[in-house]
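Everything on this sheet refers to the single structure shown next.
Going in written order, the chains are labelled A, B, C, D, E and F, and every chain counts its residues from 1.
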Amino acid sequence: MLRLYCGTGRMPVIQITLLKGRTLEQKRKVAARVTDALVEEAGANRAAVTVTFVEVTKEEYASGGVLLADKQ
Amino acid sequence: MLRLYCGTGRMPVIQITLLKGRTLEQKRKVAARVTDALVEEAGANRAAVTVTFVEVTKEEYASGGVLLADKQ
Amino acid sequence: MLRLYCGTGRMPVIQITLLKGRTLEQKRKVAARVTDALVEEAGANRAAVTVTFVEVTKEEYASGGVLLADKQ
Amino acid sequence: MLRLYCGTGRMPVIQITLLKGRTLEQKRKVAARVTDALVEEAGANRAAVTVTFVEVTKEEYASGGVLLADKQ
Amino acid sequence: MLRLYCGTGRMPVIQITLLKGRTLEQKRKVAARVTDALVEEAGANRAAVTVTFVEVTKEEYASGGVLLADKQ
Amino acid sequence: MLRLYCGTGRMPVIQITLLKGRTLEQKRKVAARVTDALVEEAGANRAAVTVTFVEVTKEEYASGGVLLADKQ
């Protein structure tokens, strides 16, 4: 019954790819607000919202064809 | 120069996997609030935040080992 | 409390990218067995396992540098 | 010719996001069983099934809007 | 044995999320060149490079917090 | 105005999952060439192309159901 409840909700999965270096507090707040947005705007079941952070280094991230490690 | 500016920002990429059926208005609001969260809580450059929605059907989404199409 | 229970489990998220054309029954069985594997081998909480299928066409999938649409 | 054979198979790609801390043996078994499921239930070419694990810490994973690091 | 050969290569998986509307010819060339890049610059085994396109609509893609559908 | 310009481009996001161990120089070249491919073949706005590398160990990568760590 518990499981059924948990499992039947609508279940957004949010993957956030960002640069390493955010604090625990920053991730805490991002996770909370992103979840709020899905719950309040898209009718998601709060318990079922999953957020994962994929943290990359400046050597693992490029924009405009240039690694961040090579900028400035 | 313009490009340089755009390209050097920190660049979170957010992929949101959710059930099909949200309205344009719902996605509009989710995108805006998720972006706000990254800008305000994690110091992201607003112009550089990218949000994509991967919309799946009930046949493409399972929790607890059961497709949503098979629930209820 | 219910939510707490749901939310505290370990939560694998499994994204399966595959060619379009599998039947509902095939996806049903894949979702069930993949979930079983995570529960039985990695100690995952069954209710918290999420599986999503990203179904691509032969024009959206390449191996060895060649789209499937261009093979045979 | 060999390459052609390899390249023409159906090619599921499975990305498993889960908490850090599983042993090599656990990942070994999960990879094997997930692959079996795709081969046996969805007609995938075994050689062409790719499984990747994205291992996240408790600070990189939230459910219900709360980081796992903040639970308990 | 053949399979063993295929399976032992290094295996980059490339997921390209982009707006719907590219032609088959465009995707063909992107897949070929991206694969070449991985083979020639990073020592990947050609047969083992997998490219998938996730094509999104203007309603499924936002930058700067605004859906493309809402931009001019 | 700057933002508008940046934000209105078509925005491919490329996620490359590959084995750890490539040098900075290899990633630099892959990012540049992959971006070139999207710009030249698919009409992408260079400044808006984002490439991320997800680097996995041999214990986090399996093909044919076998972890790379278990091969050879």
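The criterion applied here is as follows: a contact is a pair of C-beta atoms (placed from the backbone, for glycine too) under 8 Å apart; a residue touches a chain by one contact, two chains touch by 3 or more.
Just so it is clear, the model here is predicted, and its values are computed rather than measured.
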Any chain touching chain A and chain B at once appears in the list C, F
Set of chains whose contacts include both chain F and chain C: A, B, D, E
Just send me the rotation angle from a CA overlay of chain B on chain E, rounded to the nearest 5 degrees. 120
Where are there more C-beta contacts: E-F or B-C? E-F
Suppose each chain is reduced to the average of its Cα coordinates; what separation in Å results between chain A and chain D? 19
Dist(centroid_CA(chain A), centroid_CA(chain E)) in Å evaluates to 22
Which positions in chain C are in touch with at least two other chains? 3, 6-7, 11, 13, 15, 17, 27, 34, 36, 46-48, 50, 52, 54, 61, 63-64, 66
Drawing the touching chains as a network, do you get a line, a ring, a star, a complete graph or other? other
Between which chains is there touch? A-B, A-C, A-D, A-F, B-C, B-E, B-F, C-D, C-E, D-E, D-F, E-F
Listed in rising order, chain B residues that touch chain F in their complex are 2-3, 5-7, 11, 13, 46-48, 50, 52
Spell out the part of chain F that touches chain D in their complex, as residue ranges. 17, 54, 56, 59-67, 69-70
Mind pulling up the chain B residues that touch chain E in the complex? 15, 24, 27-28, 31-32, 34-36, 39, 46-55
Residue ranges of chain B touching chain A (in the complex, touch as defined): 3, 6-19, 22, 26-27, 29-30, 33-34, 36-38, 41-44, 48, 61, 63-64, 66, 68, 71-72
